[in-house]
Amino acid sequence: MPLHIIKQSPFDSPSLAQCKLTLSAGDAILFIENGIYCLNHTDSELQKLAENYSLYILSPDAETRGISNFPDYVTAIDYEEFVKLTIEFSASISW
Amino acid sequence: MPLHIIKQSPFDSPSLAQCKLTLSAGDAILFIENGIYCLNHTDSELQKLAENYSLYILSPDAETRGISNFPDYVTAIDYEEFVKLTIEFSASISW
Amino acid sequence: MSNSIAIINRSAPYGSSHATESLDLAMIAGTFGQDISVYFFGDAVFQLIEQQKPQTKGVKNLSKVIKSLIFFDVENIYVCQKSMQERSIQLSELCVDATLLSNDDLKASINKHSRIMVF
Amino acid sequence: MSNSIAIINRSAPYGSSHATESLDLAMIAGTFGQDISVYFFGDAVFQLIEQQKPQTKGVKNLSKVIKSLIFFDVENIYVCQKSMQERSIQLSELCVDATLLSNDDLKASINKHSRIMVF
Amino acid sequence: MTSFTLLITSPAFDSQSSHTAYEFCSAALKLGHKIDSIFFYHQGVTNSNNFSVHHSDEVNLHQLWKSLATEYELRLNVCVSAANRRGIITEQDAEEIDTTYYNLDKPFESVGLGELMTSMNASDRLVQF
Amino acid sequence: MTSFTLLITSPAFDSQSSHTAYEFCSAALKLGHKIDSIFFYHQGVTNSNNFSVHHSDEVNLHQLWKSLATEYELRLNVCVSAANRRGIITEQDAEEIDTTYYNLDKPFESVGLGELMTSMNASDRLVQF
């Protein structure tokens, strides 16, 4: 059960697409750095992912980029909660 | 009339897609470095581009990557011909 | 056209150093009296979001840097409309009165330049 | 599973330094007797092409490096079948007898590891 | 308490990831966790370059790492081959190329990749930045 | 004869682009063209770091630039701010931070971005790598 950390823009890199190919039941995804822009996907891709996986967003990285209202299917967290997530999951993959 | 230089893989970056949005009649495209992998597109995208634009490939970069048979719609060139292309066209864009 | 400069930005802000150093270059070009156009294309449209609030000490708010371009005589600022649409960004979210370009206008505008740099 | 290492390669060779330093790391892990699996995923499948012929002095032929992994006790080499198909690469073009994995098998295999690195 | 190895493979200035690692590390330490080592590999080695000079309004990540390492007695391990290739050398490396100048110094330490294996084996978690 | 300004914004070791620039530059010179300047900006400044140490079987691009510059009297201009941020400093920069060590030396020259404007205006073509 890895924690998937997406740190690149889905418009600029294959990170989100590659991560999706390796998701299994019980996995979680955390969006940080330019991975925050996954929220700008028009096709409600994240909403679909949220049906099967827990989605988190690193709040300071979102605010830096001008995003302060999060959709209700993602949980905004801080660095301490980021640390806790990496402990809760047995492994992490930084895409 | 710019020469478009594509140096990133089309599977890994938006370079080819972005270049396509800025192409005008008379432009040429040169594939170098990981841009060589544009030849691996399955959907015959390059063949379509070749109908309207001149396509070149930097031969040493292709051979490095194990590609020595080029489709007939791309012209293989060396560094000296690369230099000549940048003179022939009034500007270049390195994607 | 002989010495006109186009800077094509295509990188998102903060994740990398592209935006900062590209804007530095644009300001120097303006200061040196060059004929310069700055394009925001692809992920670079994220640089224009007004509500940016860098949470890290020592990281510049890029929307403020972009607003200041005019003081360095960088007046031609163009935004790719298609890139905004793809990223669900509204005109009202932008920090400057930039000129929105359709794809055909974007091509025509870039093609006027003989010195083109991509960041 | 506690200390098993997975290295996920996803970068094309030569254009960047990812492949070289990732393979260096795999060899050291093998030498140190770690339980290691190496995955070739996305553009990294291009690293496996047999016919690579670096044209620059001082650039290593990566297919030879990959063939030598076995001598460093790196035995578990996996390739994503879907990535090969997307890039029109045939099995006969590869430089090693790697295990081809379907998407479901790839997931299951990666998930067995507790130390996962991406290059 | 959980023990971590942090692997940093992104460049100091050209990517946000090294800064993310710094914030993550600070948060983990505040929560009382242990950082077995911070291992700088690939482009991450640029964090160890002590010639980094920044405008007064910019972050100097190199200095931040140094302060954090001193406060918490952290191990800042830098892969020697990856560093050398990128123009980052210790006093000993400098001697070998007949120069007296160097830019990799304490608390950063130049080590082999084997140290990463040792640290991973001793830690509960590996996180890459 | 055509005159060129070459702008290098990619890192020396971590991308192939700097090497492409070197091959392009060599070919242009062989064909009798003029290189007004090679301008290193953004991550391209890492080409100027004279601490780069490579295995004997690896390319040392820093040395290749030096040889080419000496042979053809090329101008290797390095943007001072971009270099400093990435831990590349001249003797003068070193004095300002109270150290005697530095890693940016002739034939590479530390200059401002204005030099790029001057060079572009004097050249027939700009090519970015």
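Before moving on, here are some points about what is shown:
Labels A, B, C, D, E and F are assigned to the chains in the order they are written; within every chain, residues are numbered from 1.
Heads up, the rule we're going with is that contacts are C-beta pairs under 8 Å (C-beta built on N, C-alpha and C of every residue); 3 or more make two chains touch, one makes a residue touch a chain.
Keep in mind that what you see is a predicted model, and the values were worked out from it rather than measured.
The chains that touch subunit A as well as subunit F are B, C, D, E. By the residue-number overlap criterion, the interface of subunit E with subunit F counts as same, with over half of its numbers used by both chains. Across the two candidate interfaces, C-E and A-C, the one carrying more C-beta contacts is A-C.
For the pair subunit D and subunit E, the distance between mean C-alpha positions equals 26 Å. Measuring from the averaged C-alpha position of subunit E to that of subunit F gives a distance of 27 Å. A separation of 34 Å divides the Cα centre of subunit D from that of subunit F. Multi-chain contact residues of subunit A (touching two or more other chains): 7, 11-12, 14, 33-34, 60-61, 91-92, 94.
Counting partner chains per residue, subunit E shows two or more touched chains at residues 13-14, 16, 43, 54, 58, 81, 126, 128.
Within subunit C, residues 14-17, 42, 56, 59, 114-116, 118 each touch two or more of the remaining chains. Interchain contacts (touch definition given at top) occur between A-B, A-C, A-D, A-E, B-C, B-D, B-F, C-E, C-F, D-E, D-F, E-F. The touching residues of subunit A, counted against subunit D in their complex, run 1-2, 14, 18, 21-24, 90-95. Touching subunit E in their complex are the following residues of subunit C: 14-17, 56-60. For subunit F in complex with subunit B, the residues that touch the partner chain are 2, 4, 16-17, 20, 23-24, 26-28, 30-31, 33, 124-129. Remark: subunit A residues 7, 32-34, 60-61, 78-80, 82-84, 86-87, 91-92, 94 touch subunit E in the complex. The residues of subunit C lying in touch with subunit A in their complex are 11-16, 42-43, 46, 49-56, 59, 63, 86-89, 93.
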